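One chain, subunit A, appears in both complexes that follow, with subunit B as partner in the first and subunit C in the second.
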Partner chain A sequence: MQQQKLLSSRSLIVVAVLLAALALLPTMASRYYIYLVALMMVTGLLATSLNMVLGFGGMYQFNHAVFYGAGAYAAALLTVRGGFNPWWGYLLGPVMAAALSLLMGIICVRLSKLYFGMLQISLGSLVWAVVFRWYSFTGGDDGMHGVPSPRLIGSIDGAYYFVLIVTVVCLALMYLIVNSPFGRVFQSIRDNPERAEAIGVNVHLHQLIGLVIAGFFGGVAGTLFVTVEGSVFPDMLFWTLSLEIIIMCLLGGWFTFLGPMLGAGIVVSLRAVVGIYTDYWTMVLGIILMLLIFFLPEGVLGFFTARLGRGRAAGEGD
Partner chain B sequence: MDLASHITLAALGQQLLVGLSRTTILFIVSSGLSLILGVLRIPNVSHGSLYMIGAFVTYSVATLIGGQTGFWVALAAAPVVVGLFSLAVERGIFCHLYEREHLMLLLFTFSLMLVLGDLVKLIWGSDYRSLSAPPMLQGSFSLAGMPFPRYNLFLLMIGPLVALGLWALTNKTKIGKIARAAAVDREMVAAMGINVSWVFAFVFCLGCLMAGLGGALVAPTQNITQGMDHTIIMEAFLIVIIGGLGNMWGALLGAAIFGITDSIGILVWPQFAIVFPYVAVTIVLIFRPKGLLKSTW
Partner chain C sequence: MLSVQGLSKSFGPFLAVADANLEVARGEVVAVIGPNGAGKTTLFKLITGQLKPDGGRVLFKGQDIAGLSPHRVCRLGLSLSYQVVNIFSRMSVFENVQVAVLARRRQVLRLFTPAAHLAVDETWEILNSVGLAEKAAVTSGTLSHGDSKVLEMAIALGNRPELLIMDEPTAGMSPEETRAAMALIRRLNTEMGLTILFCEHDMELVFNLAQRIMVMRQGRTIAQGTCDEVRCDEKVQQAYLGGHDHA
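Take a look at the complex of A and B:
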């Protein structure tokens, strides 16, 4: 029950202070930092949504970026090509990502581990290839730029607060899901699918629901990206991004709820900070990751919670 | 839609041959990946980077020496360079990681891919390079009225040779037999008094050498660029999965499916040609999720 411990009174204070700081940020920081923090929250939401199935479900979801891209493209296409009000795009983008996740899940869910992951990658590559080549509709490899935002959140501050509110709401919802009876059963499937099956749990149905939830919140992150950047491009669906999100979960620790958020923050800020000094920031990231996997396989937050004796023993999954 | 109107029998045959020569490259790269997956159980994402390094080394050696001999020296040198490099990586890093679970190994090799990608950018810069085939393999000849590049014919001859060599190595030599035994039961092999660690090093080195050879062979047919690692590794992984993990003939079958659907796609619907192989792979995986042939896992 590490979640209850994570929200002890001390953690609550930390969360409250952090939220207050985030809410006040636009009054203090420059445009660039507001943008950077917004991007961190979007990426963090994406990583947390993946962790719903990866960390809590033990499923090798190797193409999560596809749902991020699907949400973003659906929102952008509805607004630009469909002529809908952008709010409709924000609403329907996640729904379409969830629908895509359901479709892929139905095909993949009977497989496990590496085979599940590879079929997901194969289906994801299919979606990526179509988006990449359909110039007349999706803009092909150029993507789409200048996607309009609703006037209310058109400014950088407005976009920032929109991202902040949606991220907090989504995180709260995911936290409730993880701690709901469904979430408990889901985690028991991760720990021992055979035993869960034996006590009458419909394993594949639970996994499918988990995939749809993860796809939905991944799609939300995608629409938020459109709000911040005003553009979409096919690299958002590419498999390298999918693995990068897994890396974020690993970096923060995938047996903790907020670990992926931390991991995403580390990767985004690393890119921004190291990127100032050198073009070779991916090499720096790669070396850090290699050292991390070599010496700290349970992740940064997992390492510290294990050290402080607050969390359960990390790396218990399988 | 006049999709089918321009497809003549000759054009179909020509594209089939182009697809088969593409198959050669894909087979060479993915058989190395499959070998490492089957014996060492490492899903080596950095395999594509070694392929890219092979291509860049080929370019550098061939332009340094120049002429006809330059290309042939480069063709031999690139796999050796990649093989030696991978041997150092295996002895230095991977031999300490064999007990880790697959996901960790996958992420570790992905990190290695990030590092190697930037290393290539550091050494060769971000411009693309192009290398022309040696004079005796340049140009094309006529095949049933359709032009067919000489270099592709060369690839079509190399493919079966490599497959035969690999088959002989794994089935007829002692180390090959030990490696196959280690793939099935490594504890038992160790109990027979064989140093499994060095067998693994040999297999890893051989597998990566195949990536280097693939990169060397592909160099004259396309631009040598950053990002060619991303494309090839995804293709190679899917080929290995649809063929059956660790099965060399499966890699050949998978490569043929991938190469031929790709080239037929170019004929049928050029804009969406890259979609065709993924559709084929998805169909195979839906009906045979563990691959077409028996996997060694």
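Take a look at the complex of A and C:
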């Protein structure tokens, strides 16, 4: 009894409809909206990758943008400076981000909670400073522009479909991981690291693997950004972006799988709209954060799933 | 099976455990008693590796485990059920027990197998045996205190330990819940053959369950023996039972 399925039939339908809509989008929408939705997916993938450690592992990763930037820069540098085929860049970018994540993880993983986050920020800022200053190699604060894409995905539609496919595959992989024994145990560490250790879990090893996974998928998001924008710049690694991704996770619901995706969608579209009227985007973000803390501590998706759950319990079954 | 020899631990100037000695044979139920602050919880944490001892030895199945990290101690077959409820509060009751089973089976690093298909039968078996099966889907943070203490035990059982250490298993339970817990502990010993070491303030429970008792006072072992021996021991009466002969 009680053999749970990985996805309920209802959520399967929702996912299928969403995917169909996303697949048909380029036939209906203008160039700008295609670009905007692609950016939402990239940012959503980035936020979801952070949430692997933040929401499911309980680790305060405050420098996640660094792995986004590392993936993007690795891909761009390999293509532009190394003369590699762009495909190689897309493949090796995430690997490099994962390697960087492993390195930082080894240094930080023994620290608890906030101390972990603080050291992450300082190490991340170090990477940012190198990228920002090293004009001859990384282009310094100008970044790099006109990074070539493979011809197959050179058009905006091609880039869009590439982003869509890679994002869906990555989300599916992360969903599997969250629901695997690794993911279950990771959540137990989030809830109670001391007890997890006492039931025979090597907590630090587990956390380190979690960090590498998050870094890898963050790097994937970075390379996808390169395919969409064709450029990289040091702001991608800056700590303010790290903070923005955390807000996305909290906004969408950091104890839900798709929450960060939703949060990213909201933030990206809000910025697109608000950006027309005002330059004070960060102020808007601050107000959102305040409202969130007071009224939706579980995030938007967390709020609705809790509502649905209660309704179902009251109605005695589906 | 377990032999603690001259174990000591201090926190700054405070000597929490000074000279603890304890023998537990396979299949026994042994109780540790002593007034508040006698060092019982510290002793248990020293045995399970959550604290590192300053001196002394802890032999488990002949191997010195003093100073090993908790996850290593656990893998040797020794698990602890906590005094303060110490569970995975955002996860369901089922998942709480399941992670312990997964940890014991060393399946925790599997990344792409759905957890819903692993360790399911064994988890249900444990939930059934402790009487939590009906609440399997409940988020564990919302359980009543009595139920969380039972879940606490169930998590420890998920490791399928040879020696189960319980720190005040019935603390804060209602009389009814205490009776149920007592029956459960006895069943674990007789039916599943678990060796059990526990500490408790409820003397009725101690004399009912334990075959042997170790008495601690100010971090030292002052007596060790069968219930009758301990009851008649003069030092124990002075230190703990208040000099009266009615316990």
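Remarks
As a convention for this text, the second predicted complex is superposed on the first by the 302 of 318 C-alpha atoms of A that agree within 3 Å, B and C clash if a C-alpha of one lies under 4 Å from a C-alpha of the other, contacts with A are read in each partner's own complex, and residues count from 1 in each chain.
The criterion applied here is as follows: a contact is a pair of C-beta atoms (placed from the backbone, for glycine too) under 8 Å apart; a residue touches a chain by one contact, two chains touch by 3 or more.
The structure displayed is predicted, hence computed values, not measured ones.
Annotation: superposed three-chain arrangement on subunit A; subunit B versus subunit C shows no clash, the two fitting side by side. Looking at the shared chain after the overlay, A:115 reaches subunit B, while subunit C stays out of its contact range.
Contacts of A:185 after superposition: subunit C is touched, whereas subunit B is not reached. Once the two complexes are overlaid on the shared chain, A:231 sits clear of subunit B and of subunit C alike.
Of the two partner chains placed by superposition, only subunit B is touched by A:247; subunit C is not.
In the overlay built on the shared chain, the residue A:287 is in contact with subunit B alone; subunit C does not reach it. Contacts of A:269 after superposition on the shared chain: neither subunit B nor subunit C is touched. Minimum Cα separation between subunit B and subunit C in the superposed model: 16 Å.
Within the complex formed with subunit C, the residues of subunit A that make contact are 2-6, 173, 176-177, 179-185, 187-188, 190-192, 194-203, 206, 209, 213, 255.
Within the complex formed with subunit A, the subunit B residues making contact are 43, 45, 93, 96-97, 100-104, 106-108, 110-115, 117-119, 121-122, 230, 234, 237-238, 241, 271-272, 274-275, 278-279, 281-282, 285-286, 289-290. By the touch criterion given at the top, residues 48, 50, 69-71, 74-75, 79-80, 82, 86-91, 94-96, 98-100, 102-104, 107-120, 124, 136, 155-156, 158-159 of subunit C touch subunit A in their complex.
Across the complex, subunit A meets subunit B through its residues 60, 107, 110-111, 113-115, 118-119, 121-123, 125-126, 129-130, 132-135, 238-240, 243, 246-247, 250, 279-280, 282-283, 285-287, 289-290, 293-294, 297, 318.
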